[in-house]
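Below you'll find the structure I mean.
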Amino acid sequence: MEIKDMISSTTVIRPDGRQSDELRPVRITRAFTDVPEGSVLIECGNTRVMCTATFTQGVPRWRKDSGLGWVTAEYSMLPRATAERTDRESVRGKVGGRTHEISRLIGRCLRGVVDMKALGENQIQLDCDVLQADGGTRTASITGAYVAMVDALRWAQRNRRIRSAKRVIKDSVSAVSVGVIDGRPMLDLPYLEDSRAMTDMNVAMTGSGEFIEIQGTAEHRPFSRDELDVLLDLATKGNRELQAAQRAALEELGAAE
Amino acid sequence: MEIKDMISSTTVIRPDGRQSDELRPVRITRAFTDVPEGSVLIECGNTRVMCTATFTQGVPRWRKDSGLGWVTAEYSMLPRATAERTDRESVRGKVGGRTHEISRLIGRCLRGVVDMKALGENQIQLDCDVLQADGGTRTASITGAYVAMVDALRWAQRNRRIRSAKRVIKDSVSAVSVGVIDGRPMLDLPYLEDSRAMTDMNVAMTGSGEFIEIQGTAEHRPFSRDELDVLLDLATKGNRELQAAQRAALEELGAAE
Amino acid sequence: MEIKDMISSTTVIRPDGRQSDELRPVRITRAFTDVPEGSVLIECGNTRVMCTATFTQGVPRWRKDSGLGWVTAEYSMLPRATAERTDRESVRGKVGGRTHEISRLIGRCLRGVVDMKALGENQIQLDCDVLQADGGTRTASITGAYVAMVDALRWAQRNRRIRSAKRVIKDSVSAVSVGVIDGRPMLDLPYLEDSRAMTDMNVAMTGSGEFIEIQGTAEHRPFSRDELDVLLDLATKGNRELQAAQRAALEELGAAE
Amino acid sequence: MEIKDMISSTTVIRPDGRQSDELRPVRITRAFTDVPEGSVLIECGNTRVMCTATFTQGVPRWRKDSGLGWVTAEYSMLPRATAERTDRESVRGKVGGRTHEISRLIGRCLRGVVDMKALGENQIQLDCDVLQADGGTRTASITGAYVAMVDALRWAQRNRRIRSAKRVIKDSVSAVSVGVIDGRPMLDLPYLEDSRAMTDMNVAMTGSGEFIEIQGTAEHRPFSRDELDVLLDLATKGNRELQAAQRAALEELGAAE
Amino acid sequence: MEIKDMISSTTVIRPDGRQSDELRPVRITRAFTDVPEGSVLIECGNTRVMCTATFTQGVPRWRKDSGLGWVTAEYSMLPRATAERTDRESVRGKVGGRTHEISRLIGRCLRGVVDMKALGENQIQLDCDVLQADGGTRTASITGAYVAMVDALRWAQRNRRIRSAKRVIKDSVSAVSVGVIDGRPMLDLPYLEDSRAMTDMNVAMTGSGEFIEIQGTAEHRPFSRDELDVLLDLATKGNRELQAAQRAALEELGAAE
Amino acid sequence: MEIKDMISSTTVIRPDGRQSDELRPVRITRAFTDVPEGSVLIECGNTRVMCTATFTQGVPRWRKDSGLGWVTAEYSMLPRATAERTDRESVRGKVGGRTHEISRLIGRCLRGVVDMKALGENQIQLDCDVLQADGGTRTASITGAYVAMVDALRWAQRNRRIRSAKRVIKDSVSAVSVGVIDGRPMLDLPYLEDSRAMTDMNVAMTGSGEFIEIQGTAEHRPFSRDELDVLLDLATKGNRELQAAQRAALEELGAAE
């Protein structure tokens, strides 16, 4: 059997009954809290991330007088997002490597769809706090943060801090995980699958179908070019569906613009 | 006019329409997230705190072989719980004084109603994360953490880690803020009132009506013994109502025990 | 027997021979060191705290151009103030929760008697370093810091940094601990009693007899409203005597003003 | 013109005269310092990284009694590896996000070719210190660290800490950067090109031609699936050549085994 | 004029009226606080340092099962020991270079006179906290810490933790500063002279007249071998007098042994 | 036998075959890396230190508008410079006492030969990173940093940041270690000897033969004035030879000026 045929040829039943190319149910709640310029709760299966977007005038010192804006992100897990309690990084006195890595990833993905010139010397800070973790927290953060960022930019337009939210946002962005489990490529891995995956890949894509980030890691078993192709097909399918969910959420509350 | 008459004699209309001795609407949601032994969302007006209780076997090193359990708490604010974004303490690299102070307060209050011998050498860690802050976050944390702790102890009983949750919990505990605003004692201050209060007091009480903590501070104007008496009356009334809400929430999901 | 009768009705002999409503001997030494604007050694029994007050022009950034002054405090224990050596917080790399909590308490109490407008854009920093700890270090710090602050303000007046020390100081402030031991309310607890107290309360009062801070904690046994009343009576008596000692000390060196 | 034809169809002259699919000169010096079990200086053009491998008996606590070994890595830049001096992370008091991210990447890549069972409960620590940075420091670190690790394992075999270095090393691993500059895919970017790249990708591959890590980022312009394919072709070519250099270096000093 | 003649030939009047080879008045108060095994206040002119010695059973992990003891020291300045307030190192979150350097110096000097075998697996921790700083705080710390250490060892002998204090202490140790000011060598520099010194040297000597530490620094003007000889003569004279003061203090309280 | 005769009278054969007054082979490589204003690799036997000098316009805040320049240094060891791997200080989160002490020593020595007025408001930062440690790393750092500093000043002169490198450099400076081993004074101790030395002394001297720093420590056995004299003779001889090596290196590359 060709690797390329893997997805369609068999009826893989996953622990949660999904097909190998099926996303977990996605729910995007806007205005989850009242105060932030953008506030979104994204739920991908049992993974739940609260994403807020803070719009502030001015940019960090190193970017002053450039005429350009800035977008940055911070990711964090609440102590009991996980089955075993994780110590707070504030108490340990430093941000861990994994947190740093994910925060940087989210920031890059969101910056990838923003026109910094149209944003002007304003800053958007995205905070992604994981309330419950069941795999895919970093990709859910990216997908949710995009919606929060759009809301913050619409707020900025209504409050005349920027001319047009649409001009600032060059494209949409979402992300999803894919992986190879027992030799089978799968879409959107929950924790149970993620911990058994030989290969694990996070793929962030724009609404127009191009890649912003690909992070594939195969600590447990290297993967071939053919497997890579299947994984990218799955990721493309998943991201298209996530972007549909983003669009639906953003149309919902209606006429913000 | 006697200070003692202040509450009843006038129809104080507060910004949110409440009487001076009226609590904000309270909502306690159990099982807010799936994984923790106890997980509660408490909402007091616009203040929302997620309280989780983690039950683990064993106690910190300094308490080993004592036959006694331990209860501890950590409090934290999400960056956009507030109108202006607050920097994360993990990023700043240290826990601030206010956070420390509140974490210790919550821990003391909860320990105050726990029979450490009946708990045995087990530990309960309470995590209070403020999703949205509108005054009274520390008192809401205490009130919510109590419910989460009861759930964690019921879990421990079902899983035979302890004999009886009821024997561990000597009494219930709740807390509420009171303060003097423009010379008038008030119950349960939202942020707007809190920032204008001359005197500010947090009062934690047991279900049987005794005090566990009184923290009154009058940086802006000292208060007299008479004012203190009125404030304590208000706090007693508020705590009774909060304890009713706790009981109602704990009966809801039915037969955990 | 009524709780209210407890103090007078019996002849309680405490380990150090004091009556239940009796303070330990207090000694306040001004100009303990030469350089600071105010430098006080306060001894309450075996507890000894060195309190210095530093007067500087200018205020922290967040308070600039407000026309108002600022008062802040830091508390610390020398490693061998205690029976077992305590590790230095500088070496551990962070200030602990207890230290933070006490520093903030001292700051609030002192700010409570200062007219920030009369102080102008000047800052007073109070440093309370415990040379020897035998209970009541935080309340001794408040009582001693007040005297150091007055000396610093007199210095500022003599050096024409402020118009009048008297106008800056709205009232005096002192603090004392009270607690319930074996069911009996007691004034001014040394370490031996403090560690056995079921209820422990620190009360800061102004010279005119009003409260600035009440911090009562009953981790080990809640206390009733009646007990609270007795404790507040004891604290009022103790603070009156401490304020007499403050006045005596401040008159001693004569005509600073 | 098809994107796939881009590489061959034109004679791109890069600032340093290379073809678009040409590596910079590579030099691998073994036994660069005397003491470590493995010590390698790798030079890729002007980028120079010192990679040491430390073999120690025992594994971190969380892995004890598993019968498995562990491989970990730390990456750091000397202050003047860069044109402008970078502050030391030891002085700043914390490891930055970029450093964390790269250290974790190197660790994963090296673990990807190690048979942890054959290693037994031993640990290999890889230290990659950049003496001079001209782009591609993280990929040079991976390529150099592999050689240092082989030397450390040969040392361990000679000293009878492991049975066979060959059984521990399942495959070789190298890494190289690729990117799109002015719309043209390029292999092995020096700093000048790297800073202008719209898309930037690091690809770690095994000697048998499979992927261990793919990290593509397109903060400045998303890339298409076609571009991705060209970049992966370039990376495959580059890694093959780097692996030849690794083999040559490892054969040089002769009969270590 | 020969440099060697400098001291005797002229009547240098220093700001405080001393001769160039004259120590400031020294006062050593034992049992300055009640709790520590050794507690000394040393005053050298206006410099005042509180030195405590803590005797504990057991040694740090790296020294276990060696049969040898350990002596270590920590130095710190209270915030207002100096004319301008110094920020606390606990608040800044790290111990500064100067503090580290001095702590290590004190530790080495005291270890230099201790027979670690006779001490057995016990530890002495010396804490030197500067209450008031007027030059020579590190040398005063050494001189005072020696007395505190002797007291702690006598305590240990009385409490049968060691056989004989005398056998542990191989020799006494004291230290003094010397320097060249306006071309003239001087003994025991107060802050005013210290800040003007071109050459500054701290010399720790044993009771039998040998050197334990010499730290000479000439950031502002190098010094010749001849000048060095004069400085060492002055230091020898000063240390002899300090050792007399140590002996007198240690005989005072009488029959500790 | 007189101590003074010790050096010449016997044929001491050291582990590496040197005479007691013989330096290890010294090699100074300039332009070791390409980017820094000064970049030197100094090898003293097996000790290898990379010294870079960074020239920047402007001085630290506390020195602004003084018209004077500043010279500062940082010392660090790579993890595997030593036989057993040393944890990185960046990972531990703080700079250790030994590192602090040495960094400060190097800074003082280099400042000792710089005319700060001629340097103007410019700063030189010296970074000394130990690639391999075999005793004498701090003295090698000083000797190497001097050469790197000269190169940086020549660069500054060529680039018209300063008028004349020669006017900035008042004198040369080098440093060497001496010690007493088994009762015999020795020059330039490698690790093996250093760890056995009873007395250990680092001596920094100017080209004109005066002392800038003397740091003698005798934790293990005090030393007499006579021994000190012999040690200083040895250090003088060693420094003269090191200064010859510095001159030779600085003349080599020819016409930088």
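In order of appearance the chains are A, B, C, D, E and F, and numbering begins at 1 in each one.
Throughout what follows, a residue touches a chain if its C-beta (ideal position, glycine included) is under 8 Å from a C-beta of that chain, and two chains touch if they have at least 3 such contacts.
Since we're looking at a predicted model, the values are computed, not measured.
Participant: Moving only from a chain to one it touches, give the least number of moves from subunit E to subunit F.
Facilitator: Graph distance in the chain contact network comes out at 1.
Participant: On the document's contact criterion, could you list the chains that touch subunit C and likewise touch subunit D?
Facilitator: none
Participant: Could you tell me which chains make contact with subunit C and subunit E both?
Facilitator: Correct list: empty, since no chain touches both.
Participant: Same or different: at the subunit A/subunit D interface, is the fraction of residue numbers used by both copies above or below half?
Facilitator: same
Participant: Which chain maximises the distance between its CA centroid and that of subunit C?
Facilitator: So the farthest one, by centre of C-alpha atoms, is D.
Participant: If you fit subunit B onto subunit D using the CA atoms, what's the rotation angle, as a multiple of 5 degrees?
Facilitator: Rotation angle between the two copies comes out at 120 degrees.
Participant: Express in whole angstrom the distance between the two chain centres, defined as the mean CA positions of subunit A and subunit B.
Facilitator: 34
Participant: Compute the distance, rounded to whole Å, between the mean C-alpha positions of subunit B and subunit E.
Facilitator: Chain centroid spacing, subunit B to subunit E, equals 52 Å.
Participant: Distance-wise, how many Å sit between the C-alpha centres of subunit B and subunit F, to the nearest whole number?
Facilitator: About 61 Å separates the centre of subunit B from that of subunit F.
Participant: List, in ascending order, every residue of subunit D touching at least 2 other chains.
Facilitator: In subunit D, residues 93-95 touch at least two other chains, as defined above.
Participant: Please classify the inter-chain touch graph. Allowed labels: line, ring, star, complete, other.
Facilitator: Its topology is that of a ring.
Participant: Reading around the ring from subunit A and passing subunit D first, what chain order results?
Facilitator: Sequence of chains in the ring starting at subunit A, next subunit D: A, D, F, E, C, B.
Participant: Mind pulling up the subunit E residues that touch subunit C in the complex?
Facilitator: My answer: residues 33-36, 39, 46, 48, 50, 52, 54, 56, 74, 76, 78-83, 85, 88-91, 93-95, 99, 125, 127, 129, 131-132.
Participant: List the residues on subunit E that touch subunit F in their complex, please.
Facilitator: The contact residues of subunit E facing subunit F are 94-98, 100-101, 103-104, 108, 111-112, 171, 201, 205-206, 208-220, 222-225, 228, 232.
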